[in-house]
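The same chain A turns up in both complexes below, where it pairs with chain B and then with chain C.
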Partner chain A sequence: MDLNDFLELFIEESKEHLQSINDQLLKLETEPENPAIVNEIFRSAHTLKGMAGSMGFEDLASLTHQMENVLDLVRNSKLSITSEMMDVIFSCVDLIERMVESIEQGGDGKEDVTDVVGQLRMIQNPSDPTNVQAGAYQESAAAVAEDIQFDQYQLSVIQEAKKLGNKLYQITIQLDKNCVMKSVRAYMVFQAAEELGEVIQSNPPVEQIEEENFDDSFSILLLSERDTKEIQAAFHPISELSEVVVRELSDEQETAMPIEKAQKAVKSNAQVLPKDKGDQGAAKKKHRSKSIRVDIEKLDHLMNLFSELIIDRGRLEQISRKSELTDLTETVEHMTRISTDLQGLILNMRMVQVEQVFNRFPRMVRDLAKELNKKVQLIVEGEDTELDRTVIDEIGDPLVHLLRNALDHGLESAEERTAAGKSEEGRILLKAYHSGNQVFIEVSDDGKGIDRGKVLNKAIERGVVTQSEAETLSDREVYSLILSSGFSTAEKISDISGRGVGLDVVKTKIESLGGSISIESEPGNGSIFRIQLPLTLSIIYAMLVKTGDETYAIPFSSIVEITKISKDQVSTLYGQKVIQFREQVVSLVSLKEVFNVPATDTVEKQELFVVIVRKGDKIMGLVVDSVLGQQEVVLKTLGGMLTNLYAVSGATILGNGEVALIIDSNQFFK
Partner chain B sequence: MTKVLIVDDAAFMRMMLKDILTKNGFEVVGEAVNGEDAVEKYNELNPDVVTMDITMPEMDGITAVKKIRESNPQAKIIMCSAMGQQPMVLEAIQSGAKDFIVKPFQADRVIESLSKVVGM
Partner chain C sequence: MEKMKIVAFRLGDEEYGLDIQFVQSIERIQPITRVPNAPEFVEGVINLRGNVTPVLDLRKRLNLEKEGHTEHTRVIITKFEEIELGLIVDKISDVIDLDKESIEAVSSSRIQSDNFEGIAKTEGRLIVLLKLSELIKIPGK
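So, the complex of A and B:
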C-alpha cells in the first residue's frame, strides 16, 4: 500500500484535530472542570494517534499516546488540571504541530520527543521519575506450570462432572507475539470456552490475565462433554492465537495434592472492567455538513477556464450586437445571466471563512501574554466573514505581526494600566467584516496609543521626513510612518516584535494582495490597524478608458468619481498640473504621458475626462481621452518576465480580443 | 463478495481500511462517520460485516454495537481500536462484537479478522 496516497488526507485531518485540540485547551483553561471539553481533546488526540501510527510516524504516535494517557487520567478524575500540566500539554501540541508541518513539507516528522514524553509521564506518575515501564510482571508471570493442583471444591466439581459424562481438558493457548490487547484476546478465549462447558481453573489466574500480567501464553482447565476436535474448532474463529493445544487429562493427573489457598476466582465470568466515561462528550454535538475536499489547484483551473469563457462571452455579446439577430441576442443574453450565476458560484467556492486564520490566534496571544507578563483578553469578531482562499493563505502572517505589535507595543503592563486608571486586563479586538466589495480586518487595542512626538522624532532621525515636513503632517500621516521600513519605536527591542523589520513587511504584503492598511490612534486609548482587502483577486470590476488608440482598465475599487473639465480649469502649481475639484487641489496625471501613448488626434481637445482615483484619503486625477464604460474583467498576471512594471498590475482580454492593461493607480501616489 | 460497512470518524482511517479491503476482494458498500450514521447505514445496507471505530462523536462505537445488535442479533461487527482501549474493547466484545483489530492496522491482520468473522 502506498502511504503517500493518504498523506494529504492525513495532514488535512491532523491539522483539523490539532486545531480542535488547541481550541478546546483554551476553553479548558477557563472551565477546567468541564468533562466534555477533556473528552473532546481526548478524542482528537486519540484519533491523531491512530492516524500517525498507521502512517508509521512513530514519534508522533508515541507523543500523542502519552498525551492521551494524561488526558485519560484527567477525564476519569484521577488527575486534576494544573497550570503546569496545561503548559506541558500545550508544548506537546506545539511539537505535534511541528511534526505535522515537517511531514507536510516532505520530512519524516521526526522530532525529539523524549523531553515532552518524560514530562507527560511525570504527570501520570509523579512518584516515579524514572518511570521504568513496570516490566516486573513478566518475571512474576510464571511460565505455564506443568503441575496442576486443585482444591477440595474443584475436585468435587470435577468428580460430579465426570459422572455426567464430561471430560477434563487442559487447553494451552499461545497468543500471537504481535497481539496487542492480550487481556481482551484472552477474554475472547474464555468466552468461547464458557460456551463449551465450565472453566474451572486458569493459569495464571483470571485476575492476572485481566491485568495483562502474563506472557504470551496461558492455560485453562475446562470441563466439557465435547471432544478434542470440537474444542479445537471452537477456538478457530478467534484471531491472533498462534497455537491452541487441547489435551485431555486422565484421572492420575488430577489427583495431585489440593493446594491450601483456594483460588476463588475459578469461575471465569471475567469481571467487567471499569466502564469508560466516553459518552459524556455526546452532550456537545457538532454540526457536520456534507462536503468533499477539492484540491485548490483544481479550483484555480476552473476559475481560469471560466475566465476564458467570460472573454468569449464578451465576444459573443459584441457579435450579436453587430448581427442584430434576435435569436442570437436572446441566447447570448441568457448565457450572460447563467454565466453571471456561475461566476458567483465559482467565486463562492473559493471563499473560506477567516476563522481558519483567526482560530490560531487565541493560542498565540495567550502564549505571548504569558511571555510578556501582560494580562490580555482577545476578542474575535466576524470569524465567519469570507475571503478568497488565496487571500486567506497570505493574510495570516501580517495579522500575526499586527497582533504581536498590539500586544508588545500597544498594550501597557498591568502596573502601567492600573496607574492610568484602566482595568488591569488589556483588550485586543480582532474583527472582520464585509463592506461593499471589500473585506475589512481590524486589529485594535485599548493600550497607550501611538505617540505622535516619538514617531516624528524617530522619523526625522532616520531621515524619513524632514523637520519642516513633520510639522505639516496630519496625525494619520504620522501614524502611517510606522509602516515605513526601518522603523521601530519601542525603546527596547524585544523578542516579540520591533526588530525594525515589522510593519513595513505587513504593508508590502497587504498591498501585494491589492489591499491597503490604515492606522487610527488616540493617545491613552489605544489604536486601530485597519486592513482593507478585495474580496477576490481574479475577477474585478473595472472602468475601461481610452487614451489614444489604447484601452486601459482602472479597477473600480480605486475610483472615486469621473468628471469632465474644460482645459482652462487646469492650472500649474510647482510645475505640477492641478485642478480645483470639490474645494480640493487635485494633481493630474496624464495616462498618455505615463504610458507614452502616441497621439492620434492633432487637434487639442478643449475638454478632458478626469478619473479621480484614491489611495487611502489622498486623491488624484487621471486624464484620459474617453471613458468606455464599466465591465467585469479577468485579471491576468503578465508573467515572470514582466515584473515591476510601473503602475500596471496585470492585463485582461476584452470582448473584441483586444488586450487592455490594468492600471494600479496606487503607484501614482508617492 | 463480502459486503463491508466501514465506520470511523476519520476520513483518513476509512480510506486506509477501504484500500486494504478492496485490494483483498472485499466490497465496501458504505462508510459511516459516527455511531448514529452506522446504525442507519447498517439497516439500509445490511452488510455482512462492519468495522467499527470506538471513539467517535455523536454516538461511540460501543453504543452503536449495542444498537445494531438489538435489532440485528446476527450482526457481525469488528471493533477498531487503538492501544490502551482494552476496557472499551472488552465492553464491545461483551456487547456482541465478534473481534477487534488494533490501529495501526496491518493489512494481513485486518484480512484475517474479517475472514474469520465472516466464516463464523
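So, the complex of A and C:
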C-alpha cells in the first residue's frame, strides 16, 4: 500500500489538530487552571504524534512527543503553567505547522527541532541540563506504556474483578514494522484478549486503533484470571507481532495515579471530571458523522453543469410561453421548482463557515498585541455564518489588514487608555452575520476612533481632496478617505500596518468580490469597519433592461427601485440631467450615451424608465428604454482578453442563447 | 523536413494562415453582442456552447477595409495560453501541410508588422502566417 494515499488525509487531519491545539492554547492562557483544556491539547498532540510516527515523519513525531511529555506533566499537576512555557509551546506549534506545510508542499517535513526539543526538555527536567543535547526520543512500546489512568467507573470494575480473583495485566504489543494492515492485526489481538478476560482500556483508544491512528505499538489493560504465561501464549498464533509484553500491575501502581487524579478533579471543579480517553473517541465519532470529503473541483464542475441547465431552463420557459401548451407549461414550471431547490442545495454545498478564516485570527492578534505591547481581547462572533467558498478564499487577507489596522491604529496603548478612563485591555470585535442576501463582516474596536481633522489634513496634503471639497464632506465620507490609495494616518510607520497601501487594497478586493465596505467611527469610542458581501458570486438575481436593441442585466443588489418618469420631469443642473425623486435630487445617466448604443429610429418617447441604483448611500438613475423583467442569471467572465471594461462586470447567457452584459453600476459613481 | 499544419483562410483577395495547434474550432457567424467601450476591433462576444467568448474582426485588427458578412463568413475559435478568442474571416480555404523551410521571414519593407509570423509559399499560393500572440494584445496597452 502506498503511503501517499494517506498523505492528503494526514495533512488535513494534522491541520485540524494543529488548529485545535492553537485554539486550546489560547484558552489555556486565560484559564491556566482548567485541566479539561490541557487534556484537549494533550489528545490532539498525542494523535498528531501517532499519525506522524506512522507516516514516518520522525522529526515531527519526536517534537510532538516532547510537547506531549510536557503537557502530560501539566496534566498531572507536576508542572504549573508559566508564560515562558506557553511561549515555548507556541513556538513548538509553529514549528509543527511549518513541518506540515513542508510536507504538504512535497517536502520531507524535516526541520531543526533540537533547539525546541531542548527547551521542552528543560521544562520537563530543569535540573538536568545534559538532557538538552540528547537526540530524538526513542519511540518504543515502553514509551506508550507510561500513561495509565482510570476513571471512577473503571476503578470500581477493577476492584470488583479483583475480588473475584482476576488480575490486572498491561499488555503492550509491538507490531512488526512491515505490518500492512495494522488495524486488522490489532483487531485480532483484541479478539484474543477478549477470550481471556475483559479489556477495560486501550491506549490509544479503540477508535483510533480502528482508524490506524497509532504507531507500531499499542497497549491494552486486561482483567483476567489467567496467568502471564497463558496470556503470552494466547497471542502467539497472531503473526506480524514483533513483541508482546505482558505485565501484571500491582495494587500500588494502579491505584496511586487515579487517587491523585480524583483529588485534583475535586479541587479544581467538582462538576468536571477529567474526561478519559474513551470520551475522546466518542466525540470524534460524532464529528465524523456520515460526511465525505469531496474534491472542490468536482463541486465547481457540478456548479458549471448546473449553470448550463439554468440557461436551458430559461430557454424552455420562453418556448412554453410562446407555444401556450398547458402540458409543457406545467412541466416547465415543475422543472423550475425542482431546479430552484437543486440550486439551493448546490450553493449550500459550496458554503463554508467563516470560522475557517476566523480561526487563525486569535493567534495572530495575540502575537501582534505582544509585539505592539498592547493588551487586547479579541471577541469573535458568528463564526458559523456561511459564505460561498470562492468568497471565503478571498476574504482572509482583507480581514487581516483590517484587524491589524484596528490593533495598530485603532487601539491606544495601555497608558493612553488608562488616561482616557478606559479599561487597560482593548477590545476588538470580529463579527459575521447574515442579512437578506448579503453577509456582513464587522471589525470594530473600542479605541480612539478616527480623527476627522487629521484625516482631512492628510487628504488635502496628499491631494486626495481639495480644501473646499473637504469642508462639505460628511463624517462618513471623510472616514472613507482612509480607504483611498496612498493614505496613511499613522505618524509612526510600523511594519504592521501604515505603509499606506493597506486599506485601499482592502477596498479594491472587497469591491472586486461584489461587496462594499463602510466605516463608522466615534471619536474616543472606537470605529467599526463593515464589509458587505454577496452570498455567492456565481448566480445572481438581475433585472434585464433594454436600450436600443441591446439587452443588459443590472444586479438586484445595486438596484434601489425602478420608476417611470415623464420627459418634462427632467431638469438640468450644471449641465447634468437630474430628476427629483422622493425629495432627493438624483442625477441621471443615459445608458444609451455611456455605452454608445447605436440609435434605433424610434420616435423619442415621452416616458423614461429610470433604474435607481446605489453605491453605499449615494444613489443615481440609469435611463433605459424598457425593463424586461427579473431573472436569475449565471455570471460569466468576458474572457481573458476583455478585462477592466468600463461599467461592465461580466456577461450572462439569456434564455434565447444570446449574451447579455452585466452592468457594474458602481463605476457610474465618480 | 519539419512540417506544420495551418488553417488557410481569406480576407478579401489575400490569403492568411494560422497554426492549427491554436485553432479549436470553426463556427458559422452567430448573434454577436456588442461590448461597449471595448477596443474598436472587438466585434463583441458570442455564446460558444455556454462560454462567453470575445470575437475580433480580423479585418479591423489588421487595418484592412471593412466588408459585410456573407454566407461564407466564419469565426475561427482560437486558444492561446488559456485565452479563447474568435476571429472573423471572410472564407475558410483549407487546411494545408507546410514545410517549415518554405516559410520566409517578413523582411520586405512594405509588410512590416509584428502581427505576422512569416510568409509561406506553397503551390503558387502566398499565405501570410499570423502571430496569434500579437493579435490578442490590445494596442497601446
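Following the convention adopted for this analysis, the second predicted complex is superposed on the first by the 490 of 670 C-alpha atoms of A that agree within 3 Å, B and C clash if a C-alpha of one lies under 4 Å from a C-alpha of the other, contacts with A are read in each partner's own complex, and residues count from 1 in each chain.
Here, a residue touches a chain if its C-beta (ideal position, glycine included) is under 8 Å from a C-beta of that chain, and two chains touch if they have at least 3 such contacts.
Note that the structure is predicted; figures quoted are calculated from it, not measured.
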item	value
Comparison of chain B and chain C by chain A residues contacted	B
Partner chain(s) touched by A:Val113 [first = chain B, second = chain C, both, neither]	neither
Touched partner set for A:Asn596, first chain B, second chain C, both or neither	second
Chain B versus chain C as contact partner of A:Leu513, first or second or both or neither	neither
Chain B versus chain C as contact partner of A:Lys636, first or second or both or neither	second
First, second, both or neither for A:Val659, with chain B first and chain C second	second
Contacts of A:Arg43 with chain B and chain C, given as first, second, both or neither	first
Residues of chain A touching chain B in the complex	1, 5-6, 9-10, 13, 42-43, 46-47, 49-51, 53-56, 61, 65, 68-69, 72, 178, 180-181, 183-184, 187-188, 191, 212, 236-240, 272-276, 278-279, 281-282, 285-286, 288
Residues of chain C that touch chain A when the two form their complex	31, 33-38, 42, 44-47, 50-54, 82-85, 136, 138
Contact footprint of chain A on chain B as seen in their complex	9-13, 15-16, 19-20, 23, 33, 54-60, 62-63, 81-91, 93-94, 98-107, 109, 112-113, 116-117, 119-120
Chain A residues touching chain C - in the complex, by the definition given at the top	307-308, 311, 550, 594-598, 636-642, 645-648, 650-653, 657-661
